[in-house]
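Note that the chains take the letters A, B, C and D in the order they are written out, and that residue 1 is the start of every chain.
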């Protein structure tokens, strides 16, 4: 089971995770990562832009790569676009597998690639206005772990 | 925030995970692993026994080790004991952190230790009766990853 | 019809808008010439990629867009 | 009162029950002697640990339990 979504409004992670679990009864393990807009660091809002012809196809290709690399029963990848506020979910990855190592590694792999190799551009609104977020050296290092 | 529980009856993971997230507003990332009794492999039931003076204190020591080793805002470790049926949650680990790597690694670390270094004894009921589950060589290897 | 140019991320700020139209046919030299000042410098940078109708080019210099094509200018993605 | 012996995991099956009482004082030799047959062999195995009042001993041979103590015999845990 593969479920890849690009959403332009706030979402509740739990029903999506529960649906994945229901669809994968043979999976003894379910690993999940939920990334949210951080609170209390002066960030008032976050805006994520994407490019329709690349972003969702890129996420789908990433899901296939994870399904090919790890022994999974199912994989869920959800990413927000648009305007978000502190505490709101940005990204959700959930992997169901027979063995825990596959589930945990698939989530780790998908997150590293979503963060540094997916077509999203991020701006933060602080008290002095909007700022584009640049790539971090850490992201490039993260993705090399999988090569 | 540290929340360590040994439960002798079925539990719903979502409210526990949501409570951890609520308690850790500064955490941008929440990683979770949920382990369940597998369905469809001839296992009719699973029974987990523990030893009161060691099991919960051991889980608590493990939680402290994870909190000391990774930069976490909060950690939840829940483990079932008693009789369980296919599809029921056995173990839940959830880690809230500012950065995703800490959250994911803390869950991986806690799961490896819960599986091979915690005071639980497991029996499976199959069509021909109850069978004790022996340690696996893989578990010993898993825990060496962290030394 | 013409070639539609889409500016992503901070390139849209430099371009003063997310889209422009330029006359077809359009090659890389013509695109850079049409983008003046900071914008021209920015899109020429090594880290800016280009896609034509949703396919990323390995080499920007090979750009060759015709009537109705969509050309996207893609700065580095934001990371974690 | 006596020393309470708790058998965990499959040791409880071999012992025919999860608990026994043995007279105090109790050392390791006396415990092995009180556990006959397969049970004695099993608890003597390298991988079986022993705890006194919730503290695991580094060396089973150092067991020294008195009135009211609880001695737990801990086979290897089950793993993943």
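General remarks:
To be clear about the criterion, a residue touches a chain if its C-beta (ideal position, glycine included) is under 8 Å from a C-beta of that chain, and two chains touch if they have at least 3 such contacts.
Everything quoted here is computed from the prediction, not taken from an experiment.
With steps allowed only between chains in touch, the distance from chain A over to chain D comes to 2. Inter-chain centre distance (chain C to chain D, centres taken as mean C-alpha positions): 75 Å. With centres taken as mean Cα positions, chain C sits 50 Å from chain B. Chain B has its Cα centroid 23 Å from the Cα centroid of chain A. One finds 27 Å separating the Cα centroids of chain B and chain D. Shared interface positions of chain C, i.e. residues touching 2 or more other chains, are given as 80.
Within chain B, the positions touching two or more other chains are listed as 100, 115, 142. The complete set of chain-chain contacts reads A-B, A-C, B-D. Interface residues of chain B facing chain D in the complex, by the touch rule stated above, are 49, 51, 53-54, 57, 115-122, 132-136, 138-139, 142.
The touching residues of chain A, when paired with chain B in their complex, are 14, 18, 21, 25-41, 86-87, 98, 100-101, 103-104, 107-108, 111, 115, 142. Within the complex formed with chain B, the chain D residues making contact are 6, 8-10, 12-13, 51, 53-54, 56, 70, 72, 74-80.
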